Each structure stands twice: as structure tokens, then as C-alpha cells.
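Residue numbering begins at 1 within each chain, and the chains themselves are lettered A, B, C, D and E in the order written.
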Amino acid sequence: MILSVEKLEKQFGSLKAIDGVSFGIREREIVSLIGSNGAGKTTLVNLISGYLKPTAGRIFFGGKDITYASPFKRIKLGIGRSFQIVHLFEEATVLDNVRTPLFARYGRIKSILWSADSYVDITREAIGILKLFNLYDKKDSPAKELSEGEKKILDVAMAFALKPKLLLLDEPTSGVATHDKFSVMNTIVSAIRKEGISALIIEHDMDIVSNYSDNVLVIHEGRIMAEGKPEDVMQNKEVRETILGIQ
Amino acid sequence: MTLLDIENLDFFMGSTQILRSVSFSVNEGEAVCLLGRNGSGRTSIIKNIIGLYLPRSGKIVFRGNEITRMPPRNRVLMGIAYSPEDSRLFSELTVEENIKIAAWVRGEKNDTFNFESVFEIFPEIKKLMKRKGLYLSGGERKMVSIARALALSPSLLLLDESFEGLAPVVINRFKEALKQIKDMGVTILLAESNIKVASLVSDRAYIVERGEVIFEGQPQEILQNEKLLRIIGGG
Amino acid sequence: RQEQEKVVEERKAHIPKSPVRIAGVSFLTGVAASPFGIPGDNTFRMLVDIINQQGGILGRKIEFLSKDEAGGVDTQVKLARKLILDDRVDVILGYISSGDCEAVLPLSDELGGLIVAYDCGTHKLMEGSSSPYSFPKYKLGFRSAAHLSIDNIGLALMIKKHFPNIKAIAGINPDYAWGRDSWAVFEAAIKKLMPNIEVVGTWWPPLFTTDYTAHISALIGAEPDIVHTSFWGGDAVTFTKQALGLGLFSKMRVAYSRGEPIPQEIGRDFPEGQIIGCAGPHYFLYPPPDKWPLNKWFVEEYSKRYGKYPTYPCYHAYQALYSYKAAVEKAGSIVGGWPTVEEVAKMMSGLSIQTPSGHLSIMENHDGVEDVVVGITKLTPKYPFPILDPIEVFPAHMVNPPVGIRTIDWINSWEV
Amino acid sequence: MQWFIYVLNGLYFTAFIFLISLGLNIILGVMGILNLAHGSLYAIGAFMAAWVIITLSGLKGVPVPLLYISLISGALLAGFVGLIIERVLIRPMYGRALEYQLLITFGALLLFEDLIKLVWGGEAYYASQPFDILGKIQILGNAYPLYFLLVILVTLIVGSAVWVFITKTKMGIMLRALSLDREMATALGLEIDKLSTIAFVLGAALAGLAGSLIAPTTPVLLGFGMEPLILAFIVVVIGGLGSLKGAFIGSVIVGQIRSIGIVVFPEIELAILFLIAAVILVVKPEGLFGR
Amino acid sequence: MGQLRWRGSILGPRFFVYLSTLVLLLILPLLLSPFNLILLEYGLALALVGLGFNLLLRYTGLLSFGHGAYFATGAYTVAMVGRYIPELYSLEMLLPLSVLFSFIVSFVFGFICVRHTRIFFAILTLSLSMLVFALLFKLYHITGGSDGLYIPIPSVFGMVFNRRPDFLSGFFYYFLVFVFVVGFLFMKAVVNSPFGKALQAIRDNEIRAELVGIRVKRYRLYAFVISGIFTGVGGALWSFVNGHVTPEVAHWFFSGEIVYMVLLGGFANFEGPIIGAIVFTFLKLYAMSFTEYWMFIIGITLIILVLLLPTGIAGGIYRLITEIRKGKTLSGI
């Protein structure tokens, strides 16, 4: 188990957004997190990545208790994430968007007197990642000039550049056109598999869920409704009714 | 009868041309879909129609009146409503206030807005009424944003990627609702990237590619045409 | 030696045709403009016109450059540099703010230009850091008026004379050098003169405070017999009005170090029995116009032109311009021709002239000395505001420290 | 019962600073613009009121109540000037970067300093008639000027009215929507221009009202607006950006601390306010009622 | 776009502009009147401030309205040493001391301020600088209160100068140019380094920056401190030129002038603040000696600038160059 969550709870005022959730993610496993709107998916990811502090429960990562660790600590431990709403360095070029995480990862970010361009290896690696995500053509445009979908792809590429052990992706393909959804997912997932990274992916599109995940976690009103292989979960009657809307 | 007519729209951002001579039209009571890849220019078209962007040249005609350079407010008063792809709720106002504001623009008195029709489409909203926009989940925001556009009781509804981020069960419900809305005589223009969703709710579709309209036809035609499918990326 | 004589000969013959350039720097904007800067500047302009009509200085007309003192000390330093290096003025007459004086006067020697401070009050301007100090501090820098020691020593002498039995005093002074210095001199003097007196509190509201109610209430709570203040302009008026409203004057007296214009501003409401200093011998009833025609002429000329009575900055402006004029004429008559700035400076040191308010002497430390007038307010049917009655005139030697001794050291050396 | 007077003094100061910071905060909240020229609007209000009062009391047979009504003139003029500032200077600034928005109001501040001088000259205005006429009353054995009580009362009324307006009325909610997302408010068809103008004019008029009310208590001079502006900043920092409640509590804190501080620690006066603001920000970075 | 193309080669036109500017700076004492040379020195000292300020504004996205505080720290370091420890009063001691003290002050203030961004940051820096102002003002017996303190001419490695104009137009001018060039090169390196990229990343999106492993607040603090030190050194150098320092340099109004001059030059360009600092110095002084309504002039200039030339002088020049280049290529075809 790279990640295990025990009896996690999160209360917002009178609302219990996460209500006693326990589950685990194995190494190299890709888990999809599905559920209706407002079920608590983003909240769960925020708890794991440290952007929210739980009201009860524990989170372990690689055997360590990280329940109250700072987000920064968790990044250093190897938890990477993307956001439901993209967060880019809007004014910087696409290349620099990917290069900056690399500088941080290689501990070069404090270098103050040498030009960024003089780090040829890092630049080369960044270009490799851009090629992987089909963004190479745009490498010199400022990120703000990308379309919504391109931004989404770049966002994932940036999380990827950190080479985390566990990648948390919040609707990585929402806003991406249908076909590109698959190619983006292909890229991400093959990269994840190649690097042996584990992932927790929030996704609404069941085609993608069933294509790319090893395991599915269904969450409803803050509790786990079902858990298992995609095929099995999608046969679950309750899931079909409340989440998928299929009678 | 054409409700919305767009002629030779050229739109620039800074010095880059985003839209190239875009022309298309939407008939009254129709549901029309703009299909295309990411970055093809659909959002730009929609923002030109609501007036957040101004074109360099070309014409936008609504109900026979040219509205190309009209301020957004006038367009809204003429019956155009818009739900953006990133929802854009007023984060410090409650859901109720978010929706009511739209009703006020339309001229409703303070407390007469009837939320029933909204609850019918999105029952989820009922329990969110007193929550601030800031604290909603992604999908909840989407719903409120659509509800807010509906509260303007528009005759033309502009929906930008409104199905994104909604759970399948909600999508199903929303598709049904769109049909009802259409039956009530509201014209719908949606920007979509998912041809399957588009084919279910729209009568006609345009394909936008690199800022140009390159195809017009039935969604079914596109579904059957390999080449078109590749262009819009609808695998 | 022949060479030298030739130079002197040439100089005698040579008085430039071009006008003499005099810069006047006063606050034309900002809060100090209306009470000080504009009256001072008005006076300069008026007197320049008059001198020019009478033929100028040694036959040279005056070209007057009127400059704003606003913008802060660094702006003034730059401006003074420009005036001396770039505009090549013959003299700068200026500065109301002590801070500006302190910053600008060192430039006189650094840049080789003559600078005459005309109104600023700090007693430290020409003093060294310990007594006895060597003088002059600046070869080319002067002040043509007495400094604030005359106001505050005058008040102390007045209190000793008229209210010898008081037990407690307090101070409320604006929180900047002017207020701090005024209080320091006053406190030293009164403690020396009346050793048993107790200071029950000091308050330091910032300049241009609009609400003194809290201070006034605190003063009332502290129960002094006399409150010392160096408020001027609007601050003095605001304080007085609000103190009236809160009933302060029914419980204590206030001694205003430069209060001369305030009774006029406030009118009949201004309470009787308050102690008022006049910034020198500058009071509209002193020197008595019938006995001192120069004052009569000055008051008439000024009020004809500007529809107002001159206030003390006007007198100070007169002192600056005429002491420069006198020094140039004196130096010119000795060296013949137009004197250099060094020659003018030599003449200015030790100069004594008649002014509308009596005699002004500029001492060897380049500081002016004057008598001081202090009075106690009293309502009379003749004027719509209280006038000063009785009036005391403390002569210059009683209220100005001798050359070479710092003011505070001088006061501390008194033997009462 | 001296303490009672101290508290009353604090309330008076609160009233004065509240009107200014309320206006500042409304403009800040709705338009996202920190109006550095706010002090100038206050000064304009003060000059106008002083001028009107002096002019009126120079005329014969002007009834006394008219002097009090004329106090509004400052608010009106400041509101009108606010209208012009908003139309000419602020309107092109929407959507522009923060530094431009700040600098344009800084430019306006410089401009107005000199315009005031052009219009009213460099001399001080003394317009104390309304203050003098009311005289003083005895409260628990202490004299207190009645005019100050009037100022407190007016502020209470105006403050409550503004609060109701912003939080309860349709217009107020629309103003808040505007403050949150200008582009979306545009797309929804809100009357952006009208709402912005209302907010700015309201804020400006409140500053002008403060100036008007203060004019009878102190001579009105050039450079009059600087100090209150700084105090209003402190209030806003303490209370929280754009928060009405914050402006109120912040003013109360500033008023009372100043009043008590002057009695207890006369040496540090204003510095204590900055220190308290700094401490509050260290403990609660967004201010007491910040978003 | 033109800027992009030049970036590649060291020997681009930009390099030649720099080089000729340096040569010009070195021969200017022969060309300018003593007074204008002094103004230029004010400008150069402020240019260092502008460079530091712009590291925060342009590269870290933080608008400080309180840089006067660090400026004052530098200037008052000089003044206080002159007043209390005259033995140390030499240029080679004063400059390191001003670095030290502006480091301390900007570190402490930065620590509080970097938790905020945007307008809150602006108001907060403003308030803190007013705290410095209030202290400099209040501690009259130590700081000279509103009158400020006199700044004597410093000695340099035992050399003593008597007249300030000689000092300023001789040794000190070249020293100032030297410090300026060093500061310029240092800042240039900073903004192009990975550290500079990190700052820009923080400016663009602090949530993401945190997420890619940049300690946002700490880096903001680094930037703040570097900026503060530049400003402090600028203040120290300025004080030698000015010969006097008062608390007004800590007032927010002075900080506003710093913002003004940076915008005047154009903050979107690296060189903008330098141009702005020099032009502003001349503009303000000549406006002041031209009319008593000088505030009106600089106010109107500011407004016109913001409305019509938001990219400042440097931005205007760049646009002009781009346009000319475009014109050339077009006519070439």
C-alpha cells in the first residue's frame, strides 16, 4: 500500500463532506474515483494532498502518517496533484511552465546567478515532456494564450514533471475534447505505468474509467458506496442508479 | 425563421487572429451545436455573441437587429443568456442570490422569483440555496451557472461546455431538461467537444476548426463520417 | 601688489547691468502656505517692487524668483542646488520650516552661495554640538531673525513675573522639531526660574491634528495651572476652539509661544488672561506706530496692497531682504563695485539695521537677535478681539543666548 | 466621570474616521480600487462646506438651520467630483492591472491638491459658526460641545442607512456581485457602468460628508486630506478589506485606542495605531473581518 | 516579439545599447553642467531602487507601496553612523552597513508582508512604512524628528573630501556608476536564473508554485529582501548626494513616487525603472522650478501616462523599434 486512508472525516459547518472513508492504493495501481456532483471527491483529494485538514481519521503515505503534514512536505514525499480548475504560470512560456517544476525537483531552483537556459539537461527533459503531451509546438507561447483544453493538458504535464510516486488528478480531462481525452489519458497512463507511479483519478466519463483504471472507488454523500474492478462496479445496481443514471 | 445570424466574423486577440470569417445561423426553436477541438475557437464565438469580445469585422444579427457592437446588457435584455465554461459564480454571494440576480436583471421584483422550475431540472440546488458560491463543488457550480442563465428566461441560451464535470446521472437529467426547454421555444446554442452528447441534444451542428466553420449538418452525419470525426476528435 | 590694485580698480568700475537675482523660498502650497508662506512671499514681492522703483540695489534691479518650499527637505535641497548652480542666483532668502533650514544652510558653503534663512525657528541652526562652540558654523549661511528661544524664554519670564505662585505646568506641542525645541527651551527656562514647579504632563499631537478633544480632556484631567503650547496657524485655532467647547479655559491658563495672530482669528470668544508671545517685537500695537514711522509705513503699504495686516512672517521677510540689501551696499561702498558673496557675508555678520519692528542685529554666529513682546489678553471695547494688556518687552540680551554658547547651556547657567 | 468624556471623545473620532473609511471600503470592495485620492474628496467636502457656510453667514437674514443644511453641500460636491473621477479616470481602468489603478488615483491626488488651491486659494477657511452656535452642554459635570454629539448622531444614521443599502437591497447585492466578478456581471446584463458610478459616488460623498462635518471644528487648509487617509488605511487594515463591518469595528478600535492612548501613553499617540494594526495583521492576516 | 528574437545572442543589439550607455555614463561628467550631473546622480541612485522595486513588481507580482521604508533604512544608516559613530563614517564601511540594516528591516517586514498579495500587500507595505515613518518622526531625540539629519561627506579609504560638488562630480560619480553597473548585472542575472523563474511562477500562480515544490512565502521573502537591499543601498547612495535625510523618505507619498517612476519608465521591461528613475528626477525638479502648480504637472503626466502609454517610456521605445523593424522587413520584401 503506498497510500492508505483510515476513517477519514471532514466537516464543513453542518455538512459532513467526507464521512468515514477508508481505502488504500497499492503501488503502481491506478484508481478511479467516481461519484455524483458534490459527493466529496475533490474534498478527498484535498485531504490527501494536504490542502484541507481532516476533522478525524488518518492518512498514511509509504507507511508514514501524513495526516497533518504540510502540503509542501507531501510534495517532497512524492504526492503530486492537478486541479479541477487549471493552475498554470500564465505569463510564462509553456516551456518554462514545465521547466520550473524540474528546477525544483532537481534542487536547482535556488540557483540565482546562472541563466536558466544554461541548464541544458533540464531544458532537454522539459522538451521531452512537452513532446510527450503534444505541446511542443506551443513551447514558446505564454500559457495564457492556450485554449482551455490545452491548458488542461499542460496542467497535467506539469504535475507529471515532478515524477511523483502518487499522482492525484482531479478531472484531468474535463474540458478536453472527446478524442483528445483518450490521447491525453493514453499519454498520462502510459507514462504513469512506465514510471511505476500510482494514481488516483477523479473522472466522470465511464468510458475512460473502464479503459484506464485498475480499480474504482465510488463515493456518494461522503461515504464509499462501492469499490472494485471497473467491470464489477459498473454492474453494481446502486451505482448504476445513483451515479450512472442507468436503470 | 433565423434567430441568430452571424456573418463573416473576424476576431483577433492582440495580433493573433482567432476567428476567420465565421458565418452561421441559428433558427428559432432549434438546438445548434458548435463542435470542435480544444482551441478551435468555440468559446470565442460564444463570447462574441454575448458581447464580452468584440469582433474586428463581420456582423452579428439577432432577431433581425444588428447587435455586433451592442453592450452585453442590451443583448441580455433582448433575450440572450450565457453560461460560461468555467461557471463563474459570484463566490461571496449565496446560490440563491446568484440566481436571483439574473431574475432581477430581467425585471423581477425582489421576492417573486419562482425557483420551482430550477429545482425540477437540478434538484441538487435545493439544498445549496444558502451556501456561498465559493464553497460549491465543480459540478454544483456548473448547475448553478446554468440555472442562473435560465433565470434570465432567455430566448437564446448560450451554453459553453455545460456538460463537462457533470456526473453521468446529472447529464442524463440535463439532456432531458434541455429538450423540455427547447420545447418551450427557447433556442439553444452549445459549444461541445463531445459528439455523442451533442448528437443527443442538438438538431444541427457546425464544426469549428482553427477559427473557421468547416462543416454544417446533422449530428448523425458527423457520427457516420470518419474524416469529420477525426477532425473534431470524436473517437 | 600692482596686480591686486588693478583688480580692485576694475571692480570699482564694474557694477553689472544685469539684474541681481534673488530667490525667495516660502511655502506656497500645503498647510503652512496660508499662515506663513504666502504672507512672506507677498512681502518679498511688495518690497522688491518698492526697491526696484527706488533704483534697486547699487543700481541693479532685482529679479525675484519666487519658489515653493513644499515637497519635502530633499526637494528643497535639490532646488537650492539648482538655484545656486544652475540659475546662479545671488542670494536665497527663504525657508519657514526648520528642517529645510537645517538641510539647506550647509549647502551655502558647499556650493559657495549666499543663503539667508528668514523665518525658521530652531535654536540649533547655528549652534554647535557643545558649548562653547566655534562660529560661524556656515561662512555663507545666515538667519535674519531671532530663534524660538525668545518666544519661550519670554513666556517663562512673563509667568515668573505675573504668576509667581503657580505650582504645576503642562505642555502640548506639535510633534516635530518646532514643538519639541520650544518645549525644551521653555521647560529649561521655567524650571530654572521657578525651581519648585512641577511638570504634570506633555502631549505631542501631530501637526495639523483636527481633533484635539482627547488631548484637551487629558489636560483637564492632569490639572496644571498653565499649559505651554507652541501651536501656530490652524492648529492653534482648532485647539483653542475645542478647548473652549470642553471648558478648559475655566480651569487653567494657556501660554502660546507664538500666539499673536490667534485672538484676531477667534475674536471675542478668545478668553481673557491668556499669555501670548509675539515671535519678536512684532505686534500691531508695538512698536507703537505713532512713535515708529517705519512700522506705520509698512503696515499701511502692506494692507493697501493685500487688504490684510502684516503678520510676523511679513516682518521677517522685510528683515531678510533689507539686511541683504544693507550688507551689499555696505560692502559695495567699501570694495567699490559689486561685492562678492564672501564680501557680502563679511558685512552681514555684525550688521544692525532698522526694521518696522525696531532693531535687528545679526550676530557673529550669523544668527539674528531681537527683543520679544509678551502680553496677557484682555478684552477692550475698542477691538473686536482681546488685545495684549499688559505688554512686556524683554530686551534681546535677556532672551537670546550670547554668541558661542548653546541656548540650553546658557539657560542652565543662569543664576536666579 | 472624566472617563465618560474620554469614551465620548473616542466616539467622536470614530464617527469622523468611520465615514471616511466606509467610503474607502465601498469603493475598494465594489471596484477593487484603493482610492488614494479619497483624502482629496474629503478635503473638497471640507472646503466646500466651509465656503458655503462663510458665504451664507456673510449674507444678512440667513436662518440658522440653513447653516446646518448647507453642511450637505460638501457631500454633494464631493459626490459630483467622484462622478467625474469615475467617468474620466477610473472607467478606463477596469480590468487593468492593480498598479495602474493605484497610480491613477495617485495622479488624481496630486492633481486635486493643486486644483483645490486654484479654486479656493492657498488661504485657510474658518467656518466655525455651526460649531459656535450650538455651544456646549454639561454632561455629568463636564462641558462637552454639542456639535460633536451632532456629528456622532449623523454618522450613526448615515452608517446604518449605508449598511442596509449594501446588504439588504437589490442594488446592494448587485454591487457585491460586481465586486466579485466584473466580467460575469457584464455577461449577465447588470448595469455595470451605473453600478460602478453609484458605488464611487457614494464612497466619494461619504468622504465629502466627513469633510463637511469636520469643517466647522477646524480651519480648512491645503493638504487637509492626507492624515485622514492614513487613518482610514489603518482602519481598513484592521477591519479587513472591503468589509463594512470591518470598517465599523476598525473605526471604533482606532477611535477608542487613540482617545485612551492619549491619556495613558501621551508619548506614542499615532505610532500605537500602526503597532496595533501590525499586530492584528500578524495574528489575523486578512484583518478582523477580511474575506 | 522583438525582444524574443534578441534574447538568444549575447552580442545582440541590446548588448550594444548597454555598452554605449556605459560609455556615455563614463563621459557624461564632461558634458553635463554640475547641477545636471548631480540630478543624474540622484537618478542613478533611484535607478537602483527601481531595479529592486521591479524585482518585486514585475517578477514576483507584488506591488509595494512602502519601499520608502527600506530606502529610509539605507539613508538613516548613513545618517546615524555619521551622528553616533563618526569613526566608522567612511564609504567602505557605510555601504556594507546599509546592506546589513536594509537586510534586517526588509527581512522582518517581508516576513509579515509576504503572506499577502495584491492590494493587501500594497496596503500592508504602506502601513509598515508608515510605522517606520512614525518612529523616525517620533524618536525626535535620536533621529532628529521631522528635521532629519545632516549627511556629511564620507571619507573613502582614508581619502577626505572637502567640498561636496568636487566629491560628487569626481570620485563619487564613478563610484555610483560602478555600483549601478554591478547592481544592474546582478539583477539581470537574477531574473533569468531558475530563481527568477521561480519568482515569476509564484507571481503567475502561487497555488501551483507551491505544488511544484517552490516554498512560495520563502521565495517571496527572498525577493523581498533582495529588493529591500537594493532599495537600501539606493537610499544610502542617495543620501550622500542629498546631504540630508528626513523621515519623509519613509512616508507613503515617497513610496508612491517610486511606483510612479517605475511606471514612467515602464515596469514590463527590465530597463524601464532605470529610465523612469532618471527621467522622473529631472521631470519633478524642472516642474517644481517652473511653476508652483508642479503637482498638477506631475499628476497630469501620470494620468496621461497611465491612460495612453501604460507600457511607459521603455515600452514605447520597444514598440517603436518593433514597428521600425517590421516596416523594414516589409519594405524589404
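Keep in mind that, in the parts below, a residue touches a chain if its C-beta (ideal position, glycine included) is under 8 Å from a C-beta of that chain, and two chains touch if they have at least 3 such contacts.
Since this is a predicted model, take the numbers as computed values, not measurements.
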Between the pairs C-D and B-D, the one where more C-beta pairs touch: C-D
Averaged-CA centre spacing for the pair subunit E and subunit A, given as whole angstrom: 43
Rounded Å distance between subunit D and subunit E, as computed from the means of their C-alpha atoms: 33
Between subunit B and subunit C, centroid-to-centroid distance (C-alpha), Å: 76
Residue list for subunit B, restricted to those that touch at least two other chains: none
Residue numbers of subunit C (touch at least two other chains): 28-29, 175, 204
Where subunit E touches two or more other chains at once, by residue number: 138, 295
Full enumeration of touching chain pairs: A-B, A-E, B-D, C-D, C-E, D-E
Partner subunit C, residues of subunit E touching it in the complex: 33-36, 38-39, 42, 137-138, 140-141, 144-148, 150, 163-165, 242-246, 248-249, 254, 284-285, 288-289, 292, 294-295
Residue numbers on subunit B that touch subunit D, as the complex places them: 50-52, 72-73, 75-77, 82, 84, 88, 90-93, 97-98, 100-102, 104-105, 110, 148, 152
Subunit B-touching residues of subunit A, taken from the complex the two chains share: 12, 34-39, 41-43, 84-85, 145-150, 152-153, 171, 174-180, 182, 204, 206, 241-246
Subunit A-facing residues of subunit E, complex: 4, 186, 189-190, 192-198, 200-201, 203-205, 207-215
Parts of subunit B lying in touch with subunit A, wherever the complex brings them together: 13, 16, 36-40, 43, 85-86, 124, 128, 135-140, 142-143, 161, 164-173, 193-196, 229-230, 232-235
